[in-house]
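Here come two complexes built around subunit A, the first alongside subunit B, the second alongside subunit C.
Showing the complex of A and B:
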């Protein structure tokens, strides 16, 4: 579904040349949930923006369903970390979810159905008339997820979406993502710096090196499909995988 | 759900009444002071307020409202609207492109620094002394605050919002209408408010220079004819007009910027 080949990104500005991403190659199969984890400041956001067509890579290529990505493709939806700044404060929740659909030239009836369905599945069916800033942080991020769902993307890109919410809300949102992924069979690329989150959510975890970024290791998460906060996190296999990823991230931080 | 319930209606009327009392208290005191201080005045230029109030209905008859107030208001409306449209349009263009901004900014700062009344004689040379001149004067003074505030507002669009819009393919007209202008609207309204007071001043001044009707013209006529109480009624009427326009503006702003005030209030509750 998503192929990243030899992705390389260098920022050039005022005589300084910063190599953010050195050489990344990986792919995400249709319907897969892949987590990217790496030390802080390892170019995760740069990478995701390149994948999403928001940044042009210096070299290499990103392909979505075989087509090269050279701008934000209609088959991708983004969920940003800063939910407070990624929802339009002058629009009500329903309008926020609907706006991208208008660009897709869907009929009003179809748009309404998609909006209602998306809000329903994130548990905000009765918040359509509220403004985003009237909602809690966790609910705002649910709105952002609903907006992405309604867009019916082939691939959903999530950039540390739960980094700014409290631990309990985060656990709820993680379960929400798992449930939506299972129910809808969407392909998700999930970037995080939280090792537990990566293992808990992913079918596969890619550990990234420190910047300039390469893929250090790929790990298949062979936990049962049905996961929950209570049992999965005390599963011995979860602990093993977590330890493995933790070691890798620590090693990445030390630059080895 | 965390959606706050609608404000309770009980006590709302009480609050509204209290607000009204607060709003009217100081004007009432000032009028009373003026009334008392001028009551025994024999100074021709400073007539008792009672006299001013007395002649008010005689001066501002329906005919005069139609013949002098209406043309003034129409000129103001035309000039102000032209300035608002031009200011927002140019401001959006200048604010959107860094290069254009670098090119235009020094000139804009210079033009803004020129006091608009100075332009009246100049514009008279080009536009004559008719309505066109007055509208041009009003527009040329009002355009700057709108333009400069729009530039600032358009520049300040949150990068995360801009990126969100881009990732969802919101481009072109939709981006302008639903993202850029909405995001800049608080600043645009700040500019429009400044422009409104400038517009009223220029409306009067342009009519004082050369006109056959209008509020400014009438006030000068009264003054030249030593109809001093009549002149004072004109000044009062101008004040009332300005007040009324400001109230109307406030209502429009509340409607368009409701989201902004709510957002700011929610930010204060939980920073």
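Showing the complex of A and C:
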């Protein structure tokens, strides 16, 4: 579904040259949920923006369903790390969710149905008339997720979407992503710096090295498909996996 | 709080009017040059019942509104184009910095040369002065676009025009509104100035006539009218601003949730 081949990205400008990503190669199968972990500043956001067609790679290639990505592809939705700034404060929640659908030229009726359905599935059915800034941080993040869902993407890119919400909300949102993924069969690439979250959510975890970034390790998460916060997290296999990822991330930070 | 503020304001006004009455009466200033408030009020009453006054008021408002409308449309279009087209901002920056500080009144000879005492003279001066107020605000406003909002729009496939309409314009709107408010005030000043100096028909020309014919109370009455006009314009633009920006931080507190 999604193929990243030899991705290399160098930021140049104002006299500074930063090699954010050295050489990344991996692929994500259709309907798979893959988590990316790596130390802060290792180029996770850069990678995701290249995959989403928002940044042009310096070298290498991203292919979506066989076609090279050279701009934001129609079947892809992005949930940004800075969700507060990603919602438009001049539009109500419903309008925020609806705007991308207008671009898709869907009928009014269809748009209404999609917006209502998406808000319903994130538990915000009655917030459609509010402005984003009238909602709490966790609710805003759910609006951003609803907007991505309503877009009916084949591929969903999520950049540390839960970094700024409290632990309780975070657990709820994690379960929400798992549920939506299972119900809708979307392909999800999920970036996080939280090791527990990566293991709990993913079918597979990719550990990135520190900058200059390469894929350090790929780990299959062989936990049962039905996961829940209480039982999965005390599963001995969960503990083994998280220890393994933890060691890799620590080693990556030390740069070995 | 609000009520007591209004009461204090009214009391201040009343004291000011009383002073305006008492000071000339006590002979502290020359009554021929500073007539007492009640004579100004009388002159104002006579003006209000004179059709010539109303047509002068109409002329001034026409010059103001047309000039402002031209300046706002031109300022918004120019501002957006300069910001959106690559390199255009850099190319135009020094020209703008040179043209902007030229006081509009310095263009009076040019206006007279081109259009004499026609309405177009007033429009030229009003338009020139108001244009920069709007343009500068639009340029600042567009610079305020959040890169995350812009990337969000791009990632959902919004094209260039859709991004101008849904991201750039709403971001710049608070600045545009400030620009329009400033431009509206400047436009009134320039409209009256043009009429006063060039003699284009309007309140300014009427003030000049009152002055040359020694009708001092009438002159003051007309000045009071221009002051009230400025006040109404300010109140009006603020109300429009509040309506248009109900979502924005600077007025958010007043939105019913």
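To be clear about the criterion, the second predicted complex is superposed on the first by the 255 of 256 C-alpha atoms of A that agree within 3 Å, B and C clash if a C-alpha of one lies under 4 Å from a C-alpha of the other, contacts with A are read in each partner's own complex, and residues count from 1 in each chain.
One rule holds for everything that comes next: a residue touches a chain if its C-beta (ideal position, glycine included) is under 8 Å from a C-beta of that chain, and two chains touch if they have at least 3 such contacts.
Because the structure is a prediction, the values reported are computed rather than measured.
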Simultaneous placement of subunit C and subunit B on subunit A, clash or fit: clash
Which superposed partner A:133 touches (first subunit B, second subunit C, both, neither): both
First, second, both or neither for A:76, with subunit B first and subunit C second: both
Which superposed partner A:151 touches (first subunit B, second subunit C, both, neither): both
Subunit C-contacting residues of subunit A that also contact subunit B: 52-54, 72, 74, 76-78, 80, 82, 85-86, 88-91, 99-100, 103-104, 130-131, 133-134, 147, 151
Partner subunit B, residues of subunit A touching it in the complex: 52-54, 72, 74, 76-78, 80, 82, 85-86, 88-91, 99-100, 102-104, 126-127, 130-131, 133-136, 139, 147, 151
Residues of subunit A that touch subunit C when the two form their complex: 49, 52-54, 72, 74, 76-78, 80, 82, 85-86, 88-91, 99-100, 103-104, 130-131, 133-134, 147, 151
Interface residues, subunit B side, partner subunit A - complex: 1-4, 158, 160-161, 163-164, 166-171, 174, 178-179, 182-183, 185, 259-260, 262-263, 266-267
Subunit C residues touching subunit A - in the complex, by the definition given at the top: 146, 148-149, 151-152, 154-159, 162, 166-167, 170, 173, 247-248, 252, 255, 257
